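After this come two complexes, each holding chain A, first together with chain B and then together with chain C.
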Partner chain A sequence: MTHDITIPFYQYILEGGNGLTPKEDVLYATRQDALARFRSLGLPDLKTEAWRYTNIQRTLKEQPFILQQQPLPVTASQVAPAAIADLPCYRAVLVNGHLQPELSDLPEIKDITISKLSEASQQAGFKAHFDKHPHLADQPFAALNTALFADGLYIELKKNAILDKPLHIVHVYTLSQHAFLQPRHLFIVHPHASGAIIESSVGLHDGVVAFVNSVSEVILEENAELWHYNLQNTVQDSRHVTHTAILQQAYSRYHHHNFALPQANLIRNNLSVALKGSYTETDLHGLTLVTEQQHVDNHTFVDHLVPHCNSNELYKGVLLDNANSVFTGRIHVHQDAQKTNAFQQNNNLLLSEKANINSQPQLEIYADDVKCSHGFTVGQFSEESLFYLRSRGIGQEAAKTLLVNAFAFDITDQVHIPALQHYLTEEILRYVTRN
Partner chain B sequence: MLTIKNLHAEVDGKAILKGIDLEIRKGEVHAIMGPNGSGKSSLASVLAGRENYTVTQGEVNFDGKELLELSPEDRAREGVFLAFQYPVEIPGVSNLNFLKTALNEIRAYKGLPALEAKEFLKLTKEKQQLVDFNANLMNRSLNEGFSGGEKKRNEIFQLAMLDPKLGILDETDSGLDIDALRIVANGVNKLRGPEKSFLLITHYQRLLDYIIPDFVHVLYNGRIVKTGTKELALELEEKGYDWLREAEVHV
Partner chain C sequence: MRNSNEIIDDIANKEYEFGFTTDIEMDIAPAGLNEEIIRFISAKKEEPEWLLEWRLKGYQAFKKMQLPSWQHFPMPAIDFQAVSYYAAPKKKKQLASLDEVDPELLATFEKLGIPLNEQKALSGVAVDAVFDSVSVATTFKGKLKEMGVIFCSFGEAVREHPDLVKKYLGSVVPHSDNIFAALNAAVFSDGSFVYIPKGVRCPMELSTYFRINAQNTGQFERTLIIADDNSYVSYLEGCTAPMRDENQLHAAVVELVALDHAEIKYSTVQNWYPGDKDGKGGIYNFVTKRGICKGNSSKISWTQVETGSAITWKYPSVILQGDDAQGEFYSVAVVRNKQIADTGTKIYHLGRNTRSRIISKGISAGQGDNTYRGLVQVGPRAHNARNFTQCDSLLIGNRCGAHTFPYIESRNKSATVEHEATTSKIGEDQIFYLNQRGIDTEKAVALIVNGYAKEVLNQLPMEFAVEAQKLLSITLEGSVG
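Entry: the complex of A and B
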């Protein structure tokens, strides 16, 4: 679908993007193709079905963004706030998408590769999977990322490799002016390998805005397992469009946990899973806790291509102030995908009369022997629960905090790393009590 | 300790309590009986501060404080405890965390420091025994998946933990089998003392075989129409509540 786009930013990208990649770059042709794709797809607007509740153009035309921002010097103490207490982990620190080995603590394990994406272009894994995910082809922001990305992280867990501690990826943003940043990552988990990744961010900019358009491709080969935690908090004056595209082969297990918490102005998460092999498990869990004028849009897609796959999706939202939350849960069960189990649930707690939620399940089922369900709820505090707690001497504020935590419990309880679970519970508490 | 004077209350404009007078002194156990819809549970709700009731007349003095002017949490902190007829299930809030929060909020109100973890656990163990409360339930979500008997026992266990001056038991005996009833009643009897008062709201005389009240009141159509001792409960059991209708005609 093409729209007439007249905003200067669009022209600016097309003109600026052309000059960014030198002809001798191995990805020159790929990037030129992507830029052409972006040109034909156009920037989505409110008439674009998948973007009807998120006015992305408004956030782009406010100010001129530069298209590349080289990382400014960052010290270890500036990264320290991202640390999760009592969590034994490896750490990969990226500044504006560029891996900083001297700030990182990378595993030295045979069969585990963690490097800059820009240094991985000769790797077999890169050649096999980079920009190959079927769900990225029609995504304008993903195309833009492919055309313009500067760098990102390449992770490869080879056959049977076990990442013995979680890898904490800290995305640091430092800007001298409004910048449009495009990190690009590729994670490949080979057969029988497993690990856990925790992503979080630190914003060091002040008075300028970061627009982050990131793409991650995640490949799980046969019987591979990955826990993927994405913590979206602590970065003020930022807008994020993410696309996490997962491809699962037979018997693989992927557990995604997204926590969209206060600070960022806008978050649009595109999370899409292509199930290419049978007997897979996919858990997509999300907690959206939004305050003030925040806008968070979770756009999820589970593509059941083959029989005997299980997907389970639970997103919960807690909305305060004037916050906006959007949830789209698309499930496509192809004709061949018999014996699919696909469940989806979206529950919301509205704590302000001015907050707003839009939720849309989209189930397209073409197989006849499947179990699929979806559900949506929106509610306020149960008056009876609140009264019960107060009648035991618990003040109204403390009672509300207990109830918000209780509501979020289904999600936090799924976090399989105790220190991370504790950290998240405290974070939720902090935002709720502040209000 | 508790003095209720000419208390009138309504829900959605409908009068429910129509002039209640009641005096409960320290250490006394009062029972309020009456047919369905007479206003028994409403009285308990008004005393605990449930928001959908509007008090239109009257006053309630609790240990020198105007009870009706306090928030539900402050009433609890002053020492009023309502054991719910239908205890609420709250998934995601553990029994233990809930009790710790409640106890420490009450202590903070009284200017006391929070209980050390060790002291808290000691107190918990001691009070669990009182009502034979299954320790495995402590880490579970509040009342979630509890049987009816477990929920009611949990109410009495909470009462024991929070140590109020006045315990109001709102039909705690309803839906209990005889074993559970004995356990609950035993718990209450052990908690009885010169400083603690109870208001038992019940539909059935059976509870009063196990918890012997000092006074029995009959509530009918929003008013206390008769007051006596435990013998009155037996009389009610025998005659039912039908005679009240006739009695009211003569009032």
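Entry: the complex of A and C
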């Protein structure tokens, strides 16, 4: 499954992408189906409604990508910069999507399985949930991932299992030439189990470009709880298209915190939640702090299928330099989903003449006994706040930094791990003061 | 008496008897859309060559276009070739007294509180000596003429003021803007033309009702309003009375041009036939409305109350080109039974210090589907641009839908854009409170809905606002309980 293919990716796509999946692969049929699906969906262009603000075809054509690369050797010291100070945690290190047990520190707790996805294909959880999420079916990049993924992480928290420390997943990308990488993950949290996951990445590919098309499926069974932190920083020369598809059963609680920070050139996050059981709670929090020529596109979808679910979404953006930010938040409340509470908010600070913001908060509601709202703002610091600080002897720059921090506070404050919260606050400060 | 469809059928099935390009006497063109028909319409209206060419350009653009697919409702099949694109204004049958009018229509008039004489005029009863609409209109016309205001039919404007029409026609909604605008450009029947000269504040609300030659201009109307420097005009379109119309597809175009310090206020009340309970029949209201604030400190304000039509699909827009220009959009859209409304606005901030305000109130009942779709775009030159958008949806019953799809694009750091949307239903406690005080549920709902829509209704000219309030209550009758 890890052939080096030397034809450029785009050309390969056009030619139909045959011959990558060996017939003996257990997923051969699934992959062939996905490939057919991808071909019929086609690559999105600017006329595709969901991609109207992100020119993905241009990005794909910029470099001749090769498909999948064997991981190059990585040492512990190369992974070290990803560490979060003072954070007691387990660690799973993945190099180009392949789990490296010798670099990892995995929990040895009964009822908790953390393994390579390729080794999990006989697990009941894998059979029940792999590629089953309803929102992935019409996503071309998800189909492409299913068809051609190399490997990824499989995490299963069995019934009542508690992950006592957060699991830090470090994605390492190491390449010798421009490559298109496709990691694939599956996280299953069984009834009454709970845990926290922190994802971050390290780029070891000087001068070459990594295009990462990753898909994660997250299943929360009844009364399960998961904190999911996604830190998108420290990888230069990279483009990311991610799909995170969450399925929640009754009484489950899911907290997603996304931090899109400087470095990556292009980030497109597709975050979608299907609420299949009642009385669930869903928090989606995001902070986008972007500089230079960065383009970040957050595409979220909350699908309220059943009654009595609560979802809460707050995305904030700080845009510097020539940065570009896109936000699309869709809430769909089905006819049966009475007593839904769904709230969504997107606030943005434009701090540069050349920055760009596009936003599409969407409500689609077919039930009457619901409370739904969305809000959007874009603007500047209020002159009054700035004046207040300056009149108390705080310099212009320091005052601005303080205000950006205050703006981001709503998001960082929701981080429930103190060491991580401290780390993120410092990171934000670092980027803002540098500008 | 044969209805017009039978006549159309007859003609369509007839052998090609007379070359209709030469037969100016004919009243109804055969169904179908082609260059010959357009030449025929143009000849029939004795139009100058440039206008015919413009129509043909519209037709060429139309031929290249596809029906859009992004809308939030299943697109009905429209056979453009089955429509007759020209019919001479029909004389309505004159009735001797109100006794001959459909009692259901009269009951509605009663509820709306339309004065007796107006009722007669609306239902086609011969107007008696006391209320002579012609004389009223003539007085109005005289007054307008004195001030230099031009208010006439489009055809008349083409003859009398070709320079103005030539300069502004298609300058806001180009002939190739969208498929329905292109169709309108090719075959538009007639419409209104308004020109307010420099420094004139139009002394009365202009409404097609008082236009002497307000005939049945039908489905492809075209309105052009130009407000020159420092002028003001308020224009009313439609009326609260239910309109029965044989034409299913309405593709009108409205263009507004506001020059320096000018203000245009455009109010619409639309109550066209919405189809029956099962969604059969009803009018497709696919209208392109756009205004441009060309001059500095100019202002355009759209107010709409949409209660009729099977499908309402329109986005009255404002291009804020001049510095300090202002745009406003106030809308109430009510859907019930199987009605669909996909409406909203587009505001383009191009000039400095431009401001806009959008207030949209959607009310869905029965199996209706109500969508707000809007765009607020702030260009790089639009320093200190300011937008505030609020769209609220009210759901009555659990089989209806309410959707909000705003698009916000900001390219200027000094701009402030705000959008908020809420969805809710009428609280049982609110109803209970009113019930307790002896107000029955139906009236209570009407009261709550009117309170909910007040912000928009307040924008309407006074008499209109009173009628619109009653119209809202009537529209929602029977949808509660």
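Rule of thumb we're sticking to: the second predicted complex is superposed on the first by the 420 of 435 C-alpha atoms of A that agree within 3 Å, B and C clash if a C-alpha of one lies under 4 Å from a C-alpha of the other, contacts with A are read in each partner's own complex, and residues count from 1 in each chain.
Note that in this section contacts are C-beta pairs under 8 Å (C-beta built on N, C-alpha and C of every residue); 3 or more make two chains touch, one makes a residue touch a chain.
These figures come from a predicted structure and were not determined experimentally.
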Checklist entry - Now for A:F126: first (chain B), second (chain C), both, or neither, which partner does it touch? => result neither
Checklist entry - Where does A:L403 make contact in the superposed view: on chain B (first), on chain C (second), on both, or on neither? => result first
Next on the checklist: Once chain A of both complexes is superposed, is A:E384 in touch with chain B (first), chain C (second), both, or neither?
Outcome noted: first
Next on the checklist: A:D368 in the overlay: touching chain B, chain C, both, or neither? Say first, second, both or neither.
Outcome noted: second
Checklist entry - Now for A:E49: first (chain B), second (chain C), both, or neither, which partner does it touch? => result second
Checklist outcome for this item: Max touched-residue count on chain A (chain B vs chain C) belongs to chain C
Checklist entry - After lining up the shared chain so the two structures overlap, which partner does A:S359 touch, if you call chain B first and chain C second: first, second, both or neither? => result second
Next on the checklist: Contact-wise, after the overlay, does A:F180 reach chain B, chain C, both or neither (first, second, both, neither)?
Outcome noted: neither
Next on the checklist: So in the superposed three-chain picture, is A:Y90 touching just chain B, just chain C, both, or none of them (first/second/both/neither)?
Outcome noted: neither
Checklist outcome for this item: Going through chain A, the residues touched by chain B and also by chain C turn out to be none
Checklist outcome for this item: chain A partner, complex, touching residues on chain B are 48-51, 71-73, 75-77, 81-82, 84, 87-88, 90-93, 97-98, 101-103, 105-106, 109, 141, 158, 162
Item to check | Touch list for chain C against partner chain A, complex | outcome: 70, 380, 393, 395-425
Checklist entry - Inside the complex, what are the residues of chain A that reach chain B? => result 382-385, 387-396, 398-399, 402-403, 405-410
Item to check | Sites on chain A touched by chain C in the complex | outcome: 49, 335, 338, 348, 350-353, 355-380
